[in-house]
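Pasting the structures here.
Presented sequentially are two complexes of chain A, the first with chain B as partner and the second with chain C.
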Partner chain A sequence: MPEIKAPSQEQRKKIKLGNTVILFIILVVLFALFSYVGRPFFLSVLNLVPMLNNLSFIGIVAAVLTMVMITGEIDFSIGGNIGLTAVLVAFLLDKGLPGGVVVILALCAGALMGAFNGFIVTMIGVNSMIATIGTMFVWRGIGYTLSNGESMLAMNPVIDYIGRGFLFKVIPFPIVIFIVIFAITYVVMNLSKWGRRIYAVGTNPMASYLSGINVKKIKFINFLFSGITASLGGLILTSLSAVGMPQHGQGLELVVISSIVLGGTALSGGRGEILGTLAGTLILGILYNFLTIMNVYYYYVQIVQGAILVLVVSTYEIRQSRAVKRA
Partner chain B sequence: MFLEDKNIKLSKCFVRKVYCENSNQQKKKGCLIMSKTKLSLILVLVAAVIATLVILPGCSTSTTTTAAAETTAAAETTAAAETTAAAETTTTLPEGGYAYYDEMKAAAKEGKEYPGTPAKGFSLAFTDINGGMPFTNSVWKSVQDQWKLAGGDPEKLYYADNRYDATIGLKNADIMLAKKPNVLINFQFDAKVNSIISNKFTAANIPIIAVDVPTPNAPFMGVNNFKVAYMAGEAAIEQVEAMGGIDKIDNIILGQFPAGGEVLMLRSEGFYQAFVDKYGADVVDPKTIRFDGGAGEAEQANKAMTDVLSKIPNAKVIALTSINEQTMSGIISAIQTAGRWDPANWIIITQGCDEVGQQQLRDGLTDGAVAYFPEHYGEYLIPASVAFMNGQPVPPFLYVENQVITMDNIDQFYPKQ
Partner chain C sequence: MANPEKKYSELKNFLKTPTPTLIGIYILMIIIFTIADRNFLTIQNFRGIFNNFAVFGVMAAGVGIVMIAGGFDLSIGSIAGFVGMFSSVLMMERFSVPTPLVFVIAIAIGCIFGLINGLIITKIGINPIITTLGTLSIIRGATYFWANTSPRIYNVFIQDLGRKFLFNIVPYTTIYIAVFFIILSLILKFTRFGRDLYTIGGNETLARLAGIKVDRIKIITYVISGFFCAIAGLILISQLGSGRPEYGVGAELEVLTIVVLGGVAVGGGKGDYLGIFIALVIIQTISNGMVMMDIPIFLRQVVKGALLVLVISIDALRNRRSLQLY
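Then we have the complex of A and B:
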């Protein structure tokens, strides 16, 4: 039986770079195709800007969740977190709190939710999938309780600005947050010790531990930030709709995880790229937008989105296994 | 001591190694690794910038005036729309009345081509509350048929499915806005979210027609929720009387959907009100149970009804209604699963009388259904749309005519195929 070796550093780098580059090529090709076929509607400011605006909260959550997933963990509670944040914002505004305070409290609530997930996973040792599916129901249940199942108006200048404001009267503010979060996560993952440790933990937690890396701390902090960014996503969604409702973010976890996996992040951890997640988010976003513009029924949209996800991820696996065989 | 030093060295080497593996900087000597201080400084700086951007522009009066005005207007209009939709209103009739709308409506009702092909050259957007259900399928088909009769180009009839999801609803509204239709037919489940949709379309000078759920600044087309629920209540009372009066009834159960807003709540509260008007609140209140049966899906209603049944283990004779027939399917299934099903003891009146409702009635699962005639929705929506397109006034409320359907008259309205 031939000996199977792990791919070398050079090979791994090529695979990773190749995946991200392929994704961006797919994105550019799709964009060009959609612009042509979907003319005159698709390639217009009136379409592209709101599309990015509506994608922003998905991208923000996806960027940080990528970090969680590279460590080999997962956070399914983001949808519940968004729902609870949305209700909390509306509830606190209804109580007369100033918008700025509500924003801070909402982000603190997100941090608490993230810290709770991190505690259960790292300190108690519960599998992150089970733990966060559980907390997803808990957060949403609290949201339903707080709002009595009803949607609540959430109107305040500060909250309005987060989702509907414009920086320099030109750039929609959610897009600014989207870019900033991606830039931060890119720097952290590619230019900092912290990012290297995240990859190390995902690649081999035991070796990382033996090398002196505080594995639990890294995972805990990733969950913490995942909670904060999910709340930020909830704030944007609340602002976009002007309503806090417990249903906000329902099913969003699957959309976000699909974007991340499409971006090349392995569910087993150790592999993934922030730029890949960016490309994955944009591909799924423009796909939905284009198909809706073309009057395609939602069932078909789901089929196409699912098929693309399976196709691209299968390609990754084939490339990975070929590289292993070559090694 | 030696071992500790060795561990630290190993740790540094490992981190450095993994870093080099995953970065593009391998060729650079030593692999650039930021110090903690630098990274912290960058993060603090970025956080400060975000905080400044979030708080300062949001609080300053100059940039928020428009937003505040928009939101206030939205709040006011939502409230106004909800109250007016719920109550009977008197509106000033425009000069000439609604002659144009009435003329188009007459053609629509007869299934004839509209005079003068009034939709020619125009575009219409339709956002569906939740595609793929018998009720919404009927509405959509009716809209398509009437659009053709009005001379509209099928290519210019835009469709998007809101999937009972406000987030998707907003996204779809933006996509429709990008297509610049002449009119939007907005069928979206959350009345409050409709405020934002209304703001966007009003700013773009695109008129909206709201279906079943109010939208600010838009004529309302659909059912008078209180009226249809009251009709259902009256139909149930007939059955109650036939069984020997209210004393024979253990419970009155209302499957509701609070997130759908106050107007949708009237669809079940009217049922309750009919009982109160007949027997008095002191008799009816102790028997009444309200539960959240969800947005119209059978599964959620099934789970909720299972919980309700476990709370009333001894109740046998029950009057029941819910927001639509999909939820009622789930509710009936829960009753059957619990072994509590006896058609003679359940008085069930449904809302809608779509294909599912008709089948439930024919199968003896329900006693009656208030028909909304979704297959006729287009007869109201398209005449109103073409009236807008041609600059003609549209009545503020376009209520469909309803009818209680029972086994006695179902073949008259829905002949067996």
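Then we have the complex of A and C:
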């Protein structure tokens, strides 16, 4: 990959747009295919709604993590954060606190966790991957310690509504959260100054700093929001399962990062699309759902997961280098 | 002739690594553990500690070299699991493949997996984290998929591989690790290949412009990592006495922690095997000490994570550039 010449702004935009459009075409084709092969069950409300509910917490975490990854950082601690939040919610409800207060406290805990990651990465200057792998152990370990490794019942009208309620008695509430978070992140990343700065920071932090962007602040706030949304995901998961388990969200980081990378975000930062992440999340989601419906062993699913990851990123890289060569 | 100035700078370089911090923590831990339990500071216990880190130590040998060259290998646990499973099946009575052949096949499988990783990373140009994350789940899935048995190991040679002690004190596995680490240290220090690794890790574009065959060297590092994973897989089945498809799950995080604590820079260009060895001993001692102190298993996870964050933070603070702007 001895690419001396970087693609110009226009070419980059073309590649980016092309990737997202292709992803959505793949999504539609897969959906049609699965609906046909997996008939009649795949295309029923009984299947699609729980599937989207399950996707919702993965999706919101992925949306904000995309922003973190575009700045060139990464957050592995989301799974641990979800586990700790789930336990915390059950623990606080057990202590007799009202549901609304528990939700606020859970989100505050998420903010604290995110702020801690952000502090270590930006102020102390630790590599974000190592820092968040460390905090991943810490969060989950605290969750296990707090719950003594047991799962605790979490029943409360407010908590129940988050995961199992319906807005206007029709739309499941997790899907509402999912759509709202994607809408917000889309607006921030594509239409606001803040989003442009995030791209700038990811592309070249030095140049961004010299043009007067507060790089540390942007990275810190991204980590903060990553923590808050992970907690929100934890709340949804706790509500969906009605228990707070320290195992909640175990291994979620790999699913989320796979979805993001599938959506075209580069680990090195500066490249990525919220809509791409949306497509990536949905593609992986319907794929797993379909494989499960078809009674495929989990082991095959694992193979498919890895193969897709490598295959898709390979095509990105090959397309990218071809586009550069053509220029 | 020993040049005093050079010696001084070497000392200074050593002080810049996280190793001194680690040694400080280690001494503190030993004092605490010894006070807490007088069985801690016994030969019997330390024999166990040294034998227990065998698998992670052998894996760290490969990962160290990959990471110094700026790469990453997360597929190690899966490769070791696959190799362990495969060789234990080969040794079943039905096949009863001769032991040397098992070794050859095991190492060949490991090297082939490493080669695949290396080819995808260099020839297609995918980020090594993504690539090895992918191969991690592919290889693990493949292991589960064809292995529905858990054959016991009756082969005496394989049994002894990871369980015997020299003079009843020094585990064989520690000798392997020492030999591997010394050879790798010598390669890093005295061969052109070793110096090239640091150059590539430090600045890949520069290395390319300087005429170093970057792709070839990177592929070789992944093959070496696969080779060590194969050996780790054999030690794993030797110590556990059977082959099971879930062996080695989660090893990548443990090894990554060890290698990073040992002072290998994420992104490459820095690190040596002395640091990795010290980190290995420390992590295992702390795990052992916490077991002896009856610290709940869940809290141990917290301590391990906190230790990683703490040591890396101290390291980052001490080596901080005077002007950290972004």
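Worth pointing out:
The working rule: the second predicted complex is superposed on the first by the 323 of 327 C-alpha atoms of A that agree within 3 Å, B and C clash if a C-alpha of one lies under 4 Å from a C-alpha of the other, contacts with A are read in each partner's own complex, and residues count from 1 in each chain.
Rule of thumb we're sticking to: a contact is a pair of C-beta atoms (placed from the backbone, for glycine too) under 8 Å apart; a residue touches a chain by one contact, two chains touch by 3 or more.
Please read these numbers as outputs of a predicted model, since none were measured by experiment.
By the touch criterion stated above, A:Gly149 is placed in contact with chain B and with chain C alike.
In the superposed model, A:Ile177 makes contact with chain B only, not with chain C. Judged by the touch definition given at the top, the superposed model places A:Leu191 against chain B, while chain C stays out of reach. Of the two partner chains, chain C is the only one that A:Val310 touches; chain B does not reach it. When both complexes are overlaid on chain A, the residue A:Ser208 reaches chain B and chain C alike.
When the two complexes are overlaid on their common chain A, residue A:Pro157 makes contact with chain B while staying clear of chain C.
By the touch criterion defined above, A:Tyr300 reaches chain C but does not reach chain B.
For chain A, the partner touching the most residues, choosing from chain B and chain C, is B.
Of the residues of chain A, those at positions 148-149, 208, 246, 297-299 touch chain B in one of the two structures and chain C in the other.
Remark: chain B residues 7-8, 10-11, 13-16, 18-24, 26, 32-34, 36, 39, 42-43, 46, 49-50, 53-55, 57-59, 63-64, 67-68, 70-72, 74-75, 78, 131-132, 158-161, 163, 165-167, 170-172, 174-175, 177-180, 190, 192-193, 195-196, 258-259, 261, 292, 295 touch chain A in the complex. By the touch criterion given at the top, residues 120, 124-127, 129-131, 133-142, 144-145, 208, 253, 256-257, 260, 266-267, 296-306, 308-309, 312-313, 316-317, 320, 324-326 of chain C touch chain A in their complex.
Chain A contributes residues 9, 12-13, 16-17, 41, 44, 46-47, 50-51, 53-54, 99-100, 103, 148-153, 155, 157-162, 164-165, 167, 169, 173, 176-177, 180, 183-184, 187-188, 190-197, 199-200, 203, 207-208, 210-213, 237, 240-243, 245-252, 288-289, 292-293, 295, 297-299 to its touches with chain B in the complex.
Looking at the complex, you find that chain A touches chain C at residues 1-2, 120, 124-127, 129-131, 133-138, 140-142, 144-145, 148-149, 201, 205-206, 208-209, 215-216, 246, 254, 257-258, 261, 266-268, 297-307, 309-310, 313-314, 317-318, 321.
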